[in-house]
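Next come two complexes, and both contain subunit A; in the first it sits with subunit B, in the second with subunit C.
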Partner chain A sequence: MGREKIQINEEFWDIMPDDYKDLVNHSTYGKTDRGWKDVGSSTELIAEHSLCAGCPESIAFRHIMASMPSPEDTVMVGSTGCTSLVFPMVAVHNIHSLFGNQNAVATGLKRALNVRFPNKNKDVIVLAGDGATVDIGLDMTLQSWFRGERFTTICFDNELYANTGGQESGLMQKGFVAKMAPVGKKFEKVRLPEIARESGCAYVAVLTTSKPSLVERVVRQAVLIAREIGPTYLQIYTPCILEIGKQSMEGLQEMRDAEAAGERFKFREFITPEAQAFIDDMAAKKKAEKLASAAN
Partner chain B sequence: MYLVAHVDTSICAETACKLCTQFCPEANTILYDNEKKTAFIATDRCKACEICVSICDNMAKHSAIKMIMITDIENPFELSKSGFRPAEWNSMVRPKLISEKES
Partner chain C sequence: MNPYSVLRGPEGFLPPAAALAGNILPETGQGHIEGQIVSEEEAIEEAARKFVSAKVPTIFPGPLVLWGWNEKAIRTAEAVERLSVAGGINIIPMPDYRPKYPKIDPEAEINPNHPNLTIWHNKIDVCMFVGVHCHYANLSLKIIRGGTACFTMAFCAHAGHEDANLTVRDILPEKIDRVTEIVKKLKLNSKKF
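Moving on, here comes the complex of A and B:
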C-alpha cells in the first residue's frame, strides 16, 4: 500500500465518514520527517478506543504510531490482550494472530511482502503484551530471532496478565502479589532483553513511555535496523494502573519511578556494531542533506 | 453528568509547552492550535483521567487545566461533530465556562 491507496475515490467523498476524511487530509502519511512533534496539530493514526481512562498503554500506542517511519508501508501484527482492543482503531494495516503466534505470523508476512514487493521497503512490526511474547509465545518469539527474521518485536510489558484480572506472568517482578496470584511470584523477572541480545537481535532497548522523544528515536531506529540488518526488540513498560492499584492520573508517575536509576526499567539499549555503523551512516547522510538544503 | 478537562486558553496562550498534548492517553483529544498558541479539548473524547491536570500543575506549573462538569461549558468542541479542521481553529469560538460569561 502506498499513500495514493489511502486516498478516497472522488465519487465516494461525500458519503465517507468525517473521521476518514480527516485521516486523508490531516494525517502524516507519506511524510519522511514525521514524529511526535506533529501530535496535537495533525490527525493521529489511532482513534477512540476502549482502553481504560489514563491507561499508559494508550500513551505508548500514541507515541509508537507517531514515530513509525512509514505507516503507509507498515503492517502490524497483534496478539490477544488489551492491545487487541486498540488494533481495530488503528489506521495502519494490522493482523490479529492467535495468542502467542504473532512472531510466526509476522515471519510469513515479511517473507511474502519481500516476494511481492522486492523493490520496496515494507516494515512489519509485532506488538504484543508480555504474556504473548514471553509466556505463551516464547517459542515463536525466540525462533524468529534465531532465524534472523527482519522485523521489529515490541513487547508491552505490564508485568502481569492484566486483561484477565491479574495472573502471574513471566515478566512479573519477584515477590509481587497480584489479584489472582496471591502467593507472590517465586522467581525473578525473565531477562528477555538479555536473551534477545544473545539470540541474534541487532538492536534491543528497554524503556518506558514517559519521554516521547526517546520513544520516537528508539522506534525509528528499531524499524530501520530491522529493515536492513536483523531482528530488533523493544520492551516498553506500560503499567496496568488497575492491577497495581493506582489512580488514572498516576500512571505517568509510575513509569517515571520505574525508570529511575537502578530500577528495573532504567533505559538501556544494546546495538550490534553493524547496526551502529548503519545508524551512524544514516545520520551522516541526513546531516549532509540538511547542509546541502541550507546552502541552497 | 460527568467531568471533562477544560483548558483556560488565556493562561495556555502565554506558554508553548504542549506537554498535555504529548501525554494525553487518548488520540486527538487535546488539540493544539498553532495560530492562537493554545491547547483545547475535544470534550467528546475526554475520558477524564486527569493526567493533563497533573501534568499542567506539577510538570509545567501553569495550572491552566481544570476538571469541570460537561454542563458548565458553553459550546464545547466535539471532534465527532466538528471534524479535524486546523484551518478553522483560529476563527473558532472557544469553549467557555458558563460562569465566566456571566461575570
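Moving on, here comes the complex of A and C:
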C-alpha cells in the first residue's frame, strides 16, 4: 500500500484541516528510500508532541518513524510512560497497551495480522520505556523472545521511571540517585541486551539517538530481520533531561558522552549468522539491481 | 416498557447510556426518534425537518466518509455534499480519533474525545454523524448529550445508535439523498409563507 488509501474525497478537500492535506500531499508513505533525511520536510515526521522541550525521546521517535521500511503497513504497540505522550500525534497505527503488557499485545496482534493478511508484510514494533520493558513487563518481554515472536522490541532507556517522577528502574546505573530513589541504586544495570541475545533474539543493538544515520540502519535492519527470521531488540539511550538536571539543548551532548569508548551506551550489536546471511543477501540483491539499472 | 427518552441535553456530566436504560436498537427498516422506534422513513423525514428548522445545522463526516477508501465512501461523500448544498448545512470533519493535545481548532474540526468544544464554539444546534466508527460515535454522542443542547442524528452504516437523539441505520448514499429531497421540498414550501 502506498498513499492511495489516504486520498481525501474530492468534496471534502476544502474543509479538511491542513495537516491532513499535507499528509496526503507530502507524506513519505510508499516511498522506498525514505529515511531520516525526510525529518523536517514530511508532516508526519515533524508533528508536535507533548514531551518536555528537547526531550531526546522526541528525537528518537522521529528517527525511528523515518526509518520504518513501510509505515503504512506497520502497527506500533506502546505502553504507559513518557513515550505514550507521543503516540496520539503519530501518523502510524498504534495501540496503547496496559503498562508492561506490550509484548503480549504485540504477539497477539502480529499473529492476527498474519492470519488476516497472509500475503502481505505487516510489521509490528513495540516501543516502550525501560520500566515497562525490563521491570513490570519483563515476563512479557522475555516470553515473547522465548517463543520467537516475529516483531521488533524497542526500549527507550532513560534509566528510570520518568513519567512518574523518577523512581528506580532495573536499567538504572548502580549508585544512581533519583528524585524518588534517594538511597541510590544498589545493584548493577540489568544486562538486557545480553539476556535478549540468549533468549532468542536474532538481532540486538545498543545505541543512542545522536547519529540519525545509525538509527536508520539499525531500525531498518531490526524490522526486516523480524519479518523474516525472528525477534529483534533495540535499546536506545534517551536520557530524561528533566530528571538528570539538564537543559533542553544538552540532551545531545549527554548522549555523546554516554556512547564514548568504554561507556555504557557505546554502540554494540549482535546478529545471528542466519540474520547476517539474510542482510548480506539483501545487500547483494540491491547492488545487483543498481548495477543492472546503471547498465540500462 | 416505555423506552427512556433520549432528549437533547445538557443532561449532566455523565448521562446514562440509553442501552443501560433498556433502549434497544431499531431493526432493519426502522429508526428511532428520541428512543422511540419508528419506521425508517419517519426518522428520515424528522431528520430533514430538524435540519431545516435549525439555526446552525452541521454535518460531521467521520473517516469512513472523508477518505476515499472504497466505492461506497466516494458515493456517500457525494451524497453528503448534495445534502449540505441543498440545506445550507455546514460540514465540519472528524478526520480521525486521536485524543489530540493540547487542543483542536474547533472551527476546523471535531474530535470524539471532546466534541462539545466544537459544538459550543460554533453554537451548533442540530448535527448529523455520518461515517464515524461505532465506538467513537457512541462516545461523542454521550458527551454531546451530557454537555450541550445540540440535537444529534446518527446515520449509521450498521445497526444505529441508541445514544443519538435520532438514528437511521444501514446507511446508503440513497438514504442521504432521500433526506436531501425532503429538505428541498420543505424549503420550497416554507417560501410560500
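In the analysis below, the second predicted complex is superposed on the first by the 290 of 296 C-alpha atoms of A that agree within 3 Å, B and C clash if a C-alpha of one lies under 4 Å from a C-alpha of the other, contacts with A are read in each partner's own complex, and residues count from 1 in each chain.
Going forward, a contact is a pair of C-beta atoms (placed from the backbone, for glycine too) under 8 Å apart; a residue touches a chain by one contact, two chains touch by 3 or more.
Quick caveat, the model's predicted, so the values are computed rather than measured.
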{"item": "Which of subunit B and subunit C A:40 touches, first, second, both or neither", "value": "first"}
{"item": "Touching partner for A:252 - first (subunit B), second (subunit C), both, neither", "value": "first"}
{"item": "Which superposed partner A:88 touches (first subunit B, second subunit C, both, neither)", "value": "second"}
{"item": "Which of subunit B and subunit C A:59 touches, first, second, both or neither", "value": "first"}
{"item": "Which superposed partner A:10 touches (first subunit B, second subunit C, both, neither)", "value": "second"}
{"item": "Partner with the higher number of touched subunit A residues, subunit C or subunit B", "value": "B"}
{"item": "Partner chain(s) touched by A:50 [first = subunit B, second = subunit C, both, neither]", "value": "second"}
{"item": "Which superposed partner A:22 touches (first subunit B, second subunit C, both, neither)", "value": "first"}
{"item": "Subunit B and subunit C footprints on subunit A, overlapping residues", "value": "none"}
{"item": "Subunit A-facing residues of subunit B, complex", "value": "18, 21-28, 30-34, 39, 45, 47-51, 53-55, 80, 83-86"}
{"item": "Of subunit A, residues touching subunit C in the complex", "value": "5-12, 15-17, 20, 50, 85, 88-89"}
{"item": "Contacting residues of subunit C [partner subunit A, same complex]", "value": "61, 65-69, 73-74, 77-78, 80-81, 91-93, 95, 98-102, 105, 108-109"}
{"item": "In the complex, subunit A residues that touch subunit B", "value": "18-19, 21-22, 25-26, 36, 39-44, 46-49, 51-56, 58-59, 61-62, 65, 212, 247-249, 251-253"}
